[in-house]
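Next up: the structures, one after another.
What follows is chain A paired twice: with chain B in the first complex and chain C in the second.
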Partner chain A sequence: MMSFDQNAFLIIITASMIAISCGLLGVFMMLRKMSMTGDAISHAVLPGIVIGFLVSGTQRGLEVIIGAGILGILATLMIDWLRKKARVQLDASIGITFTLLFAIGIILISVFAYRVDLDQECVLYGEIAYLPIDLWISSSGQSFGPRIMWLAILNLLLVGGFIALFYKELKITSFDEKFGIVIGIPASAINLGLMSMVSYTTVSSFEAVGAILVVALLVVPPATAYLWTRDLRPLIQLTILTGVLVSVVGYYLAYLFDSSIAGMMVTVAGIIFFLSVIFTHKKFKFTLGTQKETQPFSS
Partner chain B sequence: MIKQVENPILEIHDLTVSYDQSPVLWNVDLSLPAGKLIGILGPNGAGKSTLIKSVMGLVEPSSGYVKLFDQTLDAVRNRISYVPQRESVDWNFPASVLDVVLMGTYGKLGLFRRPGKKEKTLALDCLEKVGMTAFVHRQISELSGGQQQRVFIARALAQEADLYLMDEPFAGVDMNTEAAIFQLLQEMSAAGKTVVVVHHDIYSAVNYFDWFIMLNLHLVASGPKNEVVTEELLRKTYGGKLNLLSKVSELIRQKEFNPLKG
Partner chain C sequence: MSDFLYFFSFQDSSIAFVVMGITLLGIGSAFVGTFSFLDNKALLGDAISHAVFPGICLGFMLAGEKNPFYIVGGAFLSGALATFLSSWLKSNTKLSDDTIIAVILSVFFGIGVVFLTVIQKSGNPEMAGLNQFIFGNAIGIVERDLWVYGSLSVLIIGVIGFMLKEFQILVFNPEFGKAVGLPMNMIRFVFDVLLILSVVIGIQAIGVVLMAALLITPGTAARFWTDRLGILLGLASVFAILSGVFGTYISYLLPQMPTGPWVVVILSSIALISFLFAPKKGMVSRYFHRRSYLQKTQRDHVLKSIFKARELGQEGLTRAELLSLYPHQQSSIKNSIKSLEKEGLLFVNQSLIKLTEPGKYQAKRVVRLHRLWESYLNEYMNIAPDHVHESAEKLEHLLTPDLEAMLESRLNFPKLDPHQEQIPRDHDEL
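Showing the complex of A and B:
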């Protein structure tokens, strides 16, 4: 029943890399109480993808990634603007922004449907099972292996590099942004950098796991890890471990039930999360999502 | 009673700040001498925190400017330290006491460089000064309010600044901690540092500070203790809060504190 062939290996490795990239960014999104902003970005990039597609004529062009990146940042700025200038609640401004941008994306797809080889299904759900047959073939006809695997490698390198380079800045702006600004940390640049990384990761992982499931990988592994530790480094390590575990178990369960790999991965992530809640319920104090719970302070 | 000084360490010129059209600070114009322990007094909503935040560039003034060490803020960031209100952060953040204090060294480190041995020694030193040595590796979510406040002060010390601005460092802190922190602030000012503290308790303020800024949207007074702590100026600052004022008069009587004799 358990097979471990080359295809299984490639799929698990790729899924793990995507889960790690999302988890690394997700940790900082969670600590900034911005997990749902990640959700918003992953949907808001859709019009950027369609426009990039129309410009380049291919799903794989650089224009698609640039278009998505611009829309991701636009969504972040719009949420920020609605919250600060128009005084809309954060969760409401997220809801307004991403549904609007996502709807524009859907309209663009249907209007240009005859020119766009891109359907909502693919964008929303993705299918990592096709990975081994979608190869990166050079102009001389040489095959380098699955294209999506290479995208995931590049993505992981960039995300890992970003976090490693700006670890200190990300940490301080997540904990105490004002203090960061006061001591001269370019807080808004760091924030935009993080949002760009989330946008890019979303697009890069689209074909493999789809928009909805990217959100799960951004949110669930960090939230699970947070149940077990209150230290940043172990939190990141546990998030990575959870991401890999989710990929391996998710793949084999999908194989067993002959179902969607990405869907199974997220189900497994959810199950691991709830098991963690049960095992650590005494420590369960953190607020998920964007609501900031007021903590009673004792002196 | 606004006393301007020569060679001020901090100069605020005609500062007006408004939130949503409604002004929270009107035409504040003052200058502060170096090496003093300075208290900012005023009722709730008087603009005390806003004053500090506009000095730190966290609030955009509608008019006026601030000069520190006779320069703009950006030129002297490394010489200024800030202690925000304790409630301004989520203490459930995954970090240890040492992690937070190390953040005080980030400004001087600059981009890309990580804190090393030197920074760690400095941070431990600062924790010792606030009496938190026993808690170095404690998770910050497990600290009491007074301990959180001490961690914030240790972080400010780790900045090794010349001017310290502290927003309500005594809020929700027990008497022992208050006395310990205050003693530390006195040592700092004796060592030539300037410490500006937003404070809400007039009783202890009279004992603690040697220069006062009294604020109630307008600047009521700025000057040395013996010149500005008078019943008249306190009445002007706190307005019609009679209960409080009778207590103040009582306090002044009890302590036989007569500023006119001073």
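Showing the complex of A and C:
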């Protein structure tokens, strides 16, 4: 039906690498019940991107990544500060933090509109279809292939390296933070490290898939895998598998419907997720509303 | 200044429309948001506001134009589907709340992006304004919108006012509601409908991402000022109105400035001020409260040390002796001695620090409470005498005269504590 297409191959490979990077981080975020913190970070990096853009004058500068990284960590610290010092409940801390930072980002964009070729749509949606024509060309004029693909490779190496290096620490602090602290793991440093990796991944992939879709890749494949298994290793393997499957199927469906590739990837991820829910549960309880079931005679 | 007067006299009808729209919208979302904040579901509103995106696109595709009824209808239906799915997933999977919210939010938004690109490729000229439904455009509120969205807001405010008792039970004690025969599922359903409605109408003013602020921030900030629900709702709506009006004013003064983000920035500033400076719950007030408590405990300890020295037959303690008892708190002990002396509880006589009569009274009370509590723990909790000191060390600063009287009568006015030390009474000689 479809012959081998180099562009399709490049897009799928890049998308898979982004999906794997996000999934690897997402597994640990989910186990730490920090999925929404990931969402908050991906919105909160906007002012950092704008400031980095202003400093470097281009969307591709190192300054953009540094700015976004700083803002991501700042968002994490602010959520923590609101929760622990000001005693605001966690979900409200997350909501206040990311809306404030995102609002500041949009204001910055409006103030510097004449200098910043950015808008909130580009941050939220992204577009991976332009990947094959956005080439990395060295000063001597030699082309090394798509720029975003190289970013994704670098991202995957860094994330993979981070996880491999701190696997034990991440595992212990994700399941039992107090125990981790007792046996001498610097839990808050590990946490900050994870958050910086999330911010970095958001920035490095927002051009390709957009902030919301980074969140989807952070959350949906791990959640899908979690429906099938609770053990960490299979969880990670299944997450990677889901991420790759999502990229391949998403690309071809997007091709078929002539729509956004990143959007279709998330849609496919959602379909796989809901199919998994159905297959892993034989009987359903239908209830209206979100109230807890009351169980008689339990204490 | 003339700008200020022109704006706030609302001579310009378009300004009046925008301000009215923002005000109604703000009150509506502040009410709904405060309840979902109290229900520990602050982020459900965020999920819904992302989830209405595919509904907006679908409504547009079906109508072929920006027909507000199709778009609001589509938005409402997809918001409802998201709400239903999130509660369904909660009862059918073991995923945690925040994972479910994040899954719903991102999957719906992804589907929305697919729809949007399909619309964009269809080349419908009407689609140019579709972004307004997604990123919000408060300044674009015109008279016709005001009638539709304003009356919906009034409806939301009215229903909440009318069902205040029911929602209060829903949030604070649904079990009780069920027990007295209230239709709790129905009430929750009504509440979910209101939440989705306020998101649907709010998004057009402020946008998908920032809608969460309109729901979460006013209630969270107001919660720092009061414990009463009525005042909480009132304050939350005042905060929402203030930020709405001034956000609009800023974007009126500087036309290139977007309204929604400024509303959020002002709202967040109000929240941060509340977190810091609210009486009782604010960080500053809690800091001073804690400091004055620590000072009180330390002064009690100084009095107690001198009292114990007297029990051993000394007249008082020298400054050096007293300081050597607290090697790590030298400077604060010096302050405590100074303030106790000023209040007439201590007097310093040739470097010997002694208790005055009021000082003796106070010191006896602290020691008495300490030893009564030790006796109580020993006698009624069966805790060994060598384990009771730590707890008494804390409770001696907290026990009230009422509790003291109860302990005395329960223990039948004991003479000695578990360590065989005398329990001093007011009339005892020292």
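FYI, the second predicted complex is superposed on the first by the 279 of 299 C-alpha atoms of A that agree within 3 Å, B and C clash if a C-alpha of one lies under 4 Å from a C-alpha of the other, contacts with A are read in each partner's own complex, and residues count from 1 in each chain.
Definition applied: a contact is a pair of C-beta atoms (placed from the backbone, for glycine too) under 8 Å apart; a residue touches a chain by one contact, two chains touch by 3 or more.
Note that the coordinates shown come from a computational prediction; the quantities given were computed from them, not determined experimentally.
With both complexes superposed, C is the one of chain B and chain C in contact with more chain A residues. In the superposition on chain A, A:K168 makes contact with chain B only, not with chain C. In the superposed pair of complexes, A:F179 makes contact with chain B only, with no contact to chain C. By the document's definition of touching, neither partner reaches A:S143: not chain B, not chain C.
Judged by the touch definition given at the top, the superposed model places A:T58 against neither chain B nor chain C.
In the superposed model, A:A262 lies in contact with chain C only, and not with chain B.
Using the contact criterion defined above for the overlaid structures, shared-chain residue A:L235 touches chain B, although it does not reach chain C. Residue contacts after overlaying the shared chain place A:Y226 against chain B and chain C alike. With the contact threshold set out at the top, residues 33, 226, 285-286 of chain A are in contact with chain B in one structure and with chain C in the other. Taken in their complex, chain A has these residues touching chain B: 31, 33, 165-169, 171-172, 174-176, 178-185, 226, 229-232, 235, 285-286, 292, 295, 297-299. Of all residues in chain A, only 30, 33-36, 38-39, 43, 82, 85-89, 91-92, 94-96, 98-100, 102-104, 106-107, 110-111, 113, 120-121, 124-125, 210, 212-213, 215-216, 218-220, 222-223, 226-227, 254, 257-260, 262-267, 269-270, 273, 277, 280-281, 284-291, 293-294 touch chain C in the complex they form.
By the touch criterion given at the top, residues 37, 40-44, 46, 50, 84, 86-96, 98-103, 105-118, 121, 131, 135, 174-175, 178, 184-185, 188-189, 192, 209-210, 212-213, 215-217, 220, 256-258, 260-262, 264-265, 268, 271, 275-276, 281, 283 of chain C touch chain A in their complex.
Residue ranges of chain B in contact with chain A, taken from their complex: 56-58, 74, 77-78, 80, 82, 84, 86-96, 99-100, 103-104, 106-107, 109, 111-112, 114-115, 139, 141, 144-146, 148, 155, 159, 172-174.
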